[in-house]
Amino acid sequence: MPQTSLTIETSGQGLYEFTEDAARFVRNEAMNEGLLTVFVRHTSCSLLIQENADPDVQRDLKAYFSRIAPPANDPSMDYLVHRLEGPDDMPAHIKSALTQVSVSIPVFDGRMVLGTWQGIYLFEHRDRPHRRELVLHLSP
Amino acid sequence: MPQTSLTIETSGQGLYEFTEDAARFVRNEAMNEGLLTVFVRHTSCSLLIQENADPDVQRDLKAYFSRIAPPANDPSMDYLVHRLEGPDDMPAHIKSALTQVSVSIPVFDGRMVLGTWQGIYLFEHRDRPHRRELVLHLSP
Amino acid sequence: MPQTSLTIETSGQGLYEFTEDAARFVRNEAMNEGLLTVFVRHTSCSLLIQENADPDVQRDLKAYFSRIAPPANDPSMDYLVHRLEGPDDMPAHIKSALTQVSVSIPVFDGRMVLGTWQGIYLFEHRDRPHRRELVLHLSP
């Protein structure tokens, strides 16, 4: 079945929208009905389907997750052991666990059935730039 | 492949079970083995597969999420910027991000393989009544 | 379509890797491209795709979730009503709601497209030993 990969270059924590890339893949496959699954091949970033109207939503989501999983040098995170790659390392795994590595979206009439305000985002949890690999799979 | 939509009318925050609606769709399609995916077309409600035996579980889940993501007029949420639709607006997006917009359940012998105590719920995060649209897709 | 079940015996809270079991199932089916979905038939354990290199990551994840959802006899959890099976009962449902009961992984060239450091885990949230049932489904 149709499958493709997608690379997203990130530059620090935050949400990176790729709705249009996913829509293009679905359009090109011209499958009338099906199921699109997006999978991210990493453990320190994740996927989110969220509001794409007001950018403040993305800003607030990022702020919220940074509060419930602050950097490892925050006194409340004293108990963390895994600190190999700096203070944003283990909180990145935590934020990934709290969100998703795969999301599935039905396709109807050749298009994803996203709601009016839904966008698909890569949620980057690391501070430094990364190249993130996603796999898109279209099932019947 | 078979697909249908489902509308759930909500009246405030909480869990709304629709296991029987999903089971009926699967039964009617008479597909022996397959995969049911449920997708919710909104960003301020979400999906949860949870215990359907003791209603206190649903009550406690609602209470828990309201504590980790309290209304925007709670002093601990001072930092939120997106407040367009009231104090339950941004916490609704947060609770949605912490749970799921899609869940997939294998079908075996013509029925979902849910465990004995598993029910499928729409988790409404807004206070006012809403009409919520879900899409159910059955893959081979 | 191909489907199998998998039983994992757990002995207390923590992460139990089953990447190799899933890989074997996919290998045996010899499907070149497809989508593997893993589903857990319980509401007090869940699924996680996480780093499988440094065991400290698993230890820290377990510690984190125990802090955001401590046992019901912790004063901060006073408000919980569902306490039928002990202080680890309701927090187990909460941790399950915060993670996933289903994950989907594309298969390419006969293998799951997991990233280098990704392992698939059952996340047990109960203290006592349990037999956990998972269903693995391979879609085209």
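When the chains are written out, they are named A, B and C in that same order, and each has its own residue count from 1.
To be clear about the criterion, contacts are C-beta pairs under 8 Å (C-beta built on N, C-alpha and C of every residue); 3 or more make two chains touch, one makes a residue touch a chain.
The shown structure was predicted, so the numbers you read here are calculated from the model rather than taken from an experiment.
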Given over half shared residue numbers means same and under half means different, the chain B/chain C interface is different
Rotating chain A so its CA atoms sit on chain C gives an angle in degrees, to the nearest 5, of 120
Whole-angstrom distance, CA centroid of chain B to CA centroid of chain C, is 20
Residues in chain C with touches to at least two other chains are numbered 35, 68, 98, 100, 104, 139-140
Within the complex, chain C is touched by chain B residues 33-35, 48-51, 54, 56-57, 59-61, 63-65, 67-68, 98-100, 103-106, 108, 113-115, 117-118, 139-140
The chain A residues in contact with chain C across the complex are 1, 3, 35, 37, 39, 41-43, 68-69, 79-82, 84, 90, 93-94, 96-98, 100-102, 104, 133, 135-137, 139-140
